[in-house]
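In what comes next, chain A is part of two complexes: it sits with chain B in the first one and with chain C in the second one.
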Partner chain A sequence: MDMTVADLGEAAREVALSGRLDMAGVDRIEAKFNAAAISNGQPLLLDLGSVEFVSSLGVRMLITTAKAMRQRALPFVTHVPAGPVREMLTVAGIDSLIPMFETLEEARATILRR
Partner chain B sequence: MYEPDDPETRYAEDGRTQIRTLSRARQDRPAAQDWVHCLRVVEGEAAGRRLRVAEQPIDIGRRAPCTLVLPDPEVSGVHCSVRVPLGQTMLEVVDRQSTNGCFVDGRPVLQSARLRVGGLLQLGHHVLVHEHLPRAELEAAEAREADLARAAHYVKALLPPPMVQGPVRTDWFYQPSAQVGGDAFGHLVLDANHIAGYVIDVAGHGAGAALHTVAVMNTLRQRALPDTDFADPAHVLSRLNEAFAMDTHDGLCFTMWYGVYDIARRRLRYSAGGHHAACLAVPGEAALRQLHTPGLVVGALEGAPYRNAETEVPPESRLYLFSDGLFELVDTRGRQWTYADVLPFIAGSAPGEGEAARLAGQVRHAAGARTLDDDCSVVVVTFSS
Partner chain C sequence: MNGPAEPDGWIDVGADAEGLEAARLRLVSRLVHMDPPPGRSAVYAVELVLEEFAANASRHGGARSVRVMALDHGSSLELQFCDDGAEFDPTSATLPTLPSGLDEAQPGGLGLVLMAHYASAWSYEREGAWNRLHVFVDKQVG
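Here is the complex of A and B:
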């Protein structure tokens, strides 16, 4: 599981994950992700376009991120293209908690508007 | 002249400079006799088991009285023996004329071979690694593993026995992953006309997930949710969501499918919290009915809504409840399996005793999966005529 971080100007932060968000992936990434995505105090766009698999621990990580961003009253959206990962997150009910966009352009446009 | 009586103090050659040793680097490495050779199973159904190896040869095979018995059809009754030759650090592996041979670091063993520390021994679908550990570290690891085994045994003891007669019959298969995990299932006889059934899957593995599973199961078994209509699946999920909020339960949450069968009306009412669809196989229908409702993982968010759905249940229909451990496998080509991949196996599953275990075995065999990354639970419910 790898992570890249970019700023959308001063308006928002974009964090892209790639690989498998399984137990090992979450262990490897969670602390760095929290520091980059939550602690910096900006709206967040999480790009899951290159994530191949999300386990229950990966779902839990998304839930805790969503709750942390809500506590800070900061917008949080995700890019999740159509496919098995999107289906899995929909079954888990994540779409009721975090806006999921099928294209990165839609996700960026939304986070920059908020 | 000052003659120091402190053994840590001495004078340099000039006779005037005093040198005092305040501390020394300690030798923390245990003595050689305090290290133990082991073989630990890292792949295969017996993954997680550990075997101490010493100078006396020990047998590994599919049958007792082998010291390490591996449940593997490709392992011979007595497949190989292993020992530590006197004064050496590598293990000696001797093939005992096994049918399929054994391999050390990928190379076939021709009668015997040496296995280095960290090297891999493969027999059948099982892979073992040679470990050389300080005795204290090994004993601590064994104590942890024994605790996890006791926790897994306790969870299994809470699972209900199969129901073999009556309007509803059940058959189930349960296999935790190498570590104890968070799968469980059960049923409640609500009254003479209603039976509830459920499957839950706590995120993660280990003692924490197992403790959470036990807490949820015991709450349901004892109906320890006040002001709860256990015949209303959405209400049950909603009350569990309140009672087990992840903010007050160490960040733990779980998925759940809960259904209530009305025997007289032959109707099944159900609700899901973050869990995939259960499948209903109806005689005469080519396609499986997928029974799902949208709902968030239980415990994730206060006030999350859950909803009910219903379906009629024709005689001899079979309901398949299962955890994602049944289908979240990576096959031998490296492809990640999904829920859709197991539907053909369910649709083609032959009814009868042991169906749940056969179904789980067929899926894993087709995927070529050697280890369970996640717990696997399968419950088959048959609705009698």
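Here is the complex of A and C:
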């Protein structure tokens, strides 16, 4: 599991994950992700476009992130293209908890508007 | 290892992330040799069921030994899981309701929901000190 971080000007932070958000992936990335994505005090766009697998531990990380961002009154959206990952997150009910956009353009437009 | 007498084909699933990953890779290498091999969505389902089962068996059931085998049934495949944890029949468990909002959302508890969704059928039996779970997954070829 790898992570890249980019700022959308001063308006928001975009964090892209790639690889597998499974037991090993979450172990490897969670602390680094929290520091980059939550603690910096900006709205967050989480790009899961290059994530090939998410398990319930990955879902737990997303829920924890969403709660932390809401506590800080900061917007949080995700880019999740159509495919098995999006299907899994829908089965897990995440689509009703966290905005999920099928294209990165829609996700960026939304986070920059908020 | 003690337990029910089994034919070759069992894959030991380690309790930690490394052990789980090693088992996943071995399991996937079995899938690609099936006839026909399962589609991408079916492979995802298999990997997900493996991780959710292994996590539940060791974390909640206290299992020290977890094994899995994949069997080819043509248009579907069967995962057989065997563990020495506390007696537990997931096919009879009440599934948690999905949260309607972030306030209700708990970080855990989804494993059974996911397994029930991705299995086209499943069955359970207890053999002595062992749980045995059969999970059927459609191959979704094409």
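Of note:
In the analysis below, the second predicted complex is superposed on the first by the 114 of 114 C-alpha atoms of A that agree within 3 Å, B and C clash if a C-alpha of one lies under 4 Å from a C-alpha of the other, contacts with A are read in each partner's own complex, and residues count from 1 in each chain.
We adopt the following convention: a contact is a pair of C-beta atoms (placed from the backbone, for glycine too) under 8 Å apart; a residue touches a chain by one contact, two chains touch by 3 or more.
All values reported here derive from a predicted model rather than from experimental measurement.
Aligning the two structures on chain A places chain B and chain C in a clash. In the superposition on chain A, A:D27 makes contact with chain C only, while chain B stays out of contact range.
In the three-chain superposition model, chain A touches both chain B and chain C at residues 22-23, 53, 55-57, 59-60, 63-64, 67, 84, 87-88, 91-93, 96-97. Listed in rising order, the residues of chain C touching chain A in the complex are 17-18, 20-21, 40-41, 44, 47-48, 51-52, 55, 98-102, 105-108, 110-111, 113-114, 117.
Those residues of chain A that touch chain B in the complex are listed here as 22-23, 52-53, 55-57, 59-60, 63-64, 67, 84, 87-88, 90-94, 96-97.
If you check the complex, the residues on chain A that touch chain C are 22-24, 27, 53, 55-57, 59-60, 63-64, 66-67, 70, 84, 87-88, 91-93, 96-97.
Considering their complex, residues 201-205, 246-247, 251, 253, 255, 273-276, 292, 294-297, 300-301, 304, 324, 328, 336, 338-339, 373-374 of chain B touch chain A.
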